[in-house]
Amino acid sequence: MSTVTDPEQASFRLSMLLNDTRYRSLTFQAIAAILLALAFWYLGNNLIQNLRAAGLNISFQFFGEPSGYDINQRLIEYDSQSTHGRAAIVGILNTLLVAFLACLTATVFGVFAGVLRLSNNWLVRKLMSVYVEIFRNIPVLIWIIIIFTIMTAVLPAPRAFRGDEPEATMLFGAIAFTNRGIYIPAPVWGPGSIVVVLTFVASVVGVIAYRRYATKMLYAEGKLLPMAWPSLAIFFLPSVIMYFLLGRPIGLDYPELGGFNFRGGLQIGAPLIALWFALSIYTGAFIAENVRAGIQAISKGQTEAASALGLRPGRVMNLVILPQALRVIIPPLISQYLNITKNSSLAIAVGYADITATLGGITLNQTGRAIECVLLLMLFYLTISLLISAGMNVYNNSMKLKER
Amino acid sequence: MKKSVFFGALAGAALAGGVAGAATLDDVKARGKMNCGVSTGLVGFAAPDANGNWEGFDVALCRAVASAVLGDANAVEFVPLTTKTRFTALSSGEVDMLSRNTTWTFSRDTDLKTDFTGINYYDGQGFMAPKELGVTSAKDLDGATVCIQTGTTTELNLADFFRANNISYEPVPIETNAEAQQQYLAGACDVYTTDASGLAATRATFEDPTAHVILPEIISKEPLGPLVRHGDNEWGDIVRWTLNALIAAEELGITSANVGELGSAAGDNPEINRLLGTEGNLGEMIGLDADWAKRAIAAVGNYGEIFEKNIGENTPIGLARGLNAQWTNGGLIYAPPFR
Amino acid sequence: MADTHAHSVAFARKTQIPPSPPPASETGVIKWLRQNLFATPANSALTLVAIWAIYSILAGTVPWLLNGVWSTASLSECRDALQGEVGACFSVLSERWNQLLYGFKYPSDQYWRPNLAFLLLFFAAAPVLFFDLPRKLLIFTGLYPFIAFWLIWGGSILVPIVALLGFVAGFVVFDRYGKQSFATGFFGAIVAAFVIWTLGGIVIPDTASENAMLSQVPSRDLGGFMLNLMLGVTCVSLSLPLGIVLALGRQSDMPLIKGICVIFIEFIRGVPLITLLFVASVMLAYFFPPDSTVDLFLRVVIMITMFSSAYIAEVIRGGLAALPRGQYEAADSLGLDYPQAMRLIILPQALKISIPGIVNVAVGLFKDTTLVSVISMFDLVGMIRGPILASTEWNGVYWELFSFAAMLFFIVCYGISKYSQWLERRLATDHR
């Protein structure tokens, strides 16, 4: 008791590495670093030994070699003489295409179902909750296969359009729904079509400007300008007038039955549609839940206050509730977009040529370069995810600033 | 954290246990079982029956090797592999041999470091089309939609064929044979292409097989055969010569019925004697005992018997011997001499 | 007052009028209909659309369901039995029932083993899921993994016993020394467990599994819905501790440890599960020691566990972040060190908040176990797409099989999500 240790004597001792909180973290980190290095060394060493034993090596040379296979769905020029690298790019573009389309429609489905789940209509409410529960609780892979099967089995084959009394007919004589995909007329750009397109772009800008102006008038002078008709007029009229003035420069190339298939027009392949639809309707169920949660997070007082101001229910939703709810909805919405992008890798189940099917599928099979292909595949998805996350952080920060 | 270590240790001990060193033969003997990579389900070649027993043409070869090496045709673990996983499974030692209708190609033999040990089926890629389409030749297929099973050499052959004939087509890559059939029958593609044997097997399962024709063009050579890891020549020899023993047995008239009798004592034909171990020491040369070939033939029958039992004309698959007849009957099946 | 008033008027009712029934339009079914279905014209339109949708769905499926054939041996027989009418061939389910549930290789006389393991799962999970049950039941939960392992894989009973002993030894050591110094206890426990396992590995003869009470089943023979359930349960339970460690690591103020955890979590969350499964099936074999092979099941378990632990870590991090700062400060001011503070104060609360999120991850993960069919494992979807659809008898049966698979998953996932909602409500009242 009498021998009190001298506090001055706090020189460094080895045991302090374990017992002193100032140094202990260094010890732990050193241990962690050693363990990590050991793990990497162990795995790397195994890899090298295994590859040497099998006589293989790591090489990305195959990227420059002709791939030898064809891809039916492609956004850029590609044929079987193109390189594996180009096949991978075709795959990347296809992944981005289906992910983008599915994000759009999933949002529409989700917002629609989410709002309807809070509807006053009992039947609609129940129907929407059945939709949400069914789609949320069944694996997306099963949905993709089921929807692809439905498309194949229910839609007619191009053969059915043939003959004097065909079993199937084209919608408006222009659109054909077949189990190979949907054929729609493709625009043909004649001379002068650029003018029409520019006019159209200008009128879109015009519509936005008009609506801004109308809002400004409403707030500044209390004048309520008509919205719907002028917007529609600005949107359509100039382009239509220009179109006829220039002598119809834009034509339509209608799909026609020729040989085995429809020829001409624009084909949207069945795998793309099946994957697109399955991803949208599956993710839509999740988004519906996010939307519902977001709307319910807004206190009931807001709805009541808005109603007290005399706003109609539709306007209450559009002007008061949704703008506030968006702040709650958007972060989970973006992570759903991320899920769509990742789930699009299930394209291989329906034969859609996304990056997993080209680089991680056929290229991997043909070259046997498993390690290289899988690494690159992961790198691609990682990049996309990080970009989307970065976007989300930017959005979150911008929302934070507005909070009071 | 701890738990996963435990599980790894435990499962590593109880479930895997396998060791794949340089000498596959020793490993197989030590393990008492041979791991054989097969397809995930192609009727006639390798498919589990309703009781889960693997059956088929490729499966029989695995069983033959197992009975030659281990004396038990059931000492085989069948590892179903997709086209994607098959080569990794072989080179990482997960399977000892691959008997999975794999086409022998240059790059697979060299760049992928595998060794093909023979050909058990000469196949070629063909087309099947509905009769009502009125197509008589693959060259009429301009603009057609073609269903392909992905992950095989078929895509490359198809691309080459259409390119060489300067006609256009639209490929529809499909993951499994069953789904490809579904697409084809629903008319989502005009023709279905895969190996001719597969086409016949597929057509056999249709409600009305006569409504579909197999086009005369065979657009590729598809020599299918078993393969082993590169570098283990002793093991490669065993697989190669087991296959040859089955082929030679047919040529020499040894069947699963008479192999016991023929192998009990040396007979008049010296080649039969050498093959069945009643004369010479061929078994010893490949590290097995004298009865190796006898056991293999007794277990699964000779090449012809295997063919007839699994894919021959009396089975639903209904394949004719064609190229796969013995060389004495105008086919390509030919075993080097046993001496 | 009342009296004067009563005398000044000619008539005053002495009794209350019996309440007359409300008008027909404001009562019972009609009122309910009016309020809930036909409140406004737009609403009525919606109702009609909904009724039409329900009708068209039912009109398509009900005859098909009711006309179903349950007892034919192949699709062609089934088509004959239907004689061209609309109807389902459910006989594929009755004929391939065992294959769908257990895969095609699990020995058929041993089906009671997975069944029993499945039944016991409920007893093991109950004390974790429902807090009201006596805590003593957790002992069974602790024993369950070993029992289930033994039941499903069979082989020597010594293996799970040695594994269990290792854990017991570790726990004893931790209990003994962990009170003085967490680190000593923790590392001591790991060392003790490994010593027991190594000793056990030496003691158990290699042949112990050959004539065991329960015959050994290689994991390659597992399949069907059983495989989905096993992967789901195993990976979720393994990833919980890993997820906690990662979440704590990510919150740590040691830069290196934090960095490792952040990179791991973001990497795993950034790639689709299917690429990780490709890693398991085509790459992982190269990373194990050259002279060993690791079972595909185990490889897949490793990858899925890593996958789900990253997601669970993020959920738990949310729980940690939601705790008021005061809790951390209170723990510090009590003089608790980091392990104590975490164990006694922070984690119990944080985990409680995170349970609904963890359950959601678990449901998602369970659904994702179907992806193993892509790498040639015969789970429920793999069985359907592989052996069953490829067989000559059942080639061409799609709806029946896929609706069955969908139904099984729906039952399990819906059940779990209902539990999660119940829990959320319960936890919400606790906090008020």
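In order of appearance the chains are A, B and C, and numbering begins at 1 in each one.
Simple rule for what comes next: contacts are C-beta pairs under 8 Å (C-beta built on N, C-alpha and C of every residue); 3 or more make two chains touch, one makes a residue touch a chain.
None of the values given here were measured: they were computed from a predicted structure.
Relative to the C-alpha centre of subunit A, the farthest chain centre belongs to B. More C-beta pairs in contact connect the chains of B-C than those of the other pair, out of A-B and B-C.
The mean-CA centres of subunit A and subunit C are about 27 angstrom from one another, to the nearest whole unit. Distance between subunit A and subunit B, defined via averaged C-alpha coordinates, is recorded as 42 Å. The mean-CA centres of subunit B and subunit C are about 40 angstrom from one another, to the nearest whole unit. Touching two or more other chains at once are residues 84, 88, 92, 175, 182 of subunit B. Counting partner chains per residue, subunit C shows two or more touched chains at residues 278, 282-283, 285-286, 385, 398. In subunit A, 50, 53, 149, 153, 348-349, 364, 370 are the positions where the chain touches two or more neighbouring chains simultaneously. Only residues 1-4, 6-16, 18-21, 40-43, 47-48, 50-52, 77, 79-82, 84-85, 88-89, 92-94, 175-179, 181-182, 185, 204-205, 207, 316 of subunit B touch subunit C when the two sit together in their complex.
Residue ranges on subunit A touching subunit C, taken from their complex, read 18, 25, 28-29, 32-33, 36, 43, 46-47, 49-51, 53, 119-124, 127, 133-134, 136-142, 145-146, 149, 153, 342-343, 345-346, 348-349, 356, 360, 364, 370-371, 374, 377-378, 381-382, 384-386, 389. Of all the residues in subunit C, the ones that touch subunit A in their complex are 35-37, 39, 43, 46-47, 50-51, 53-54, 183, 253-257, 260, 266-267, 269-275, 278-279, 282-283, 285-290, 363, 367-368, 370-371, 373-374, 381, 385, 398-399, 402, 405-406, 409-410, 413-414, 417.
Of all the residues in subunit B, the ones that touch subunit A in their complex are 22, 83-84, 87-88, 91-92, 107-108, 111-113, 132-133, 141-145, 150-152, 155-156, 158-160, 162-163, 169-175, 182-183, 186-190, 229-231. Looking at the complex, you find that subunit C touches subunit B at residues 76, 79, 95-96, 99, 103-106, 108, 145, 149, 153, 155, 159-160, 163, 166-167, 170, 189-190, 193, 197, 201, 209, 216, 218-220, 234, 237-238, 241-242, 245, 278, 281-283, 285-286, 291-298, 301-302, 305, 375-376, 378, 385-387, 389-392, 395-396, 398.
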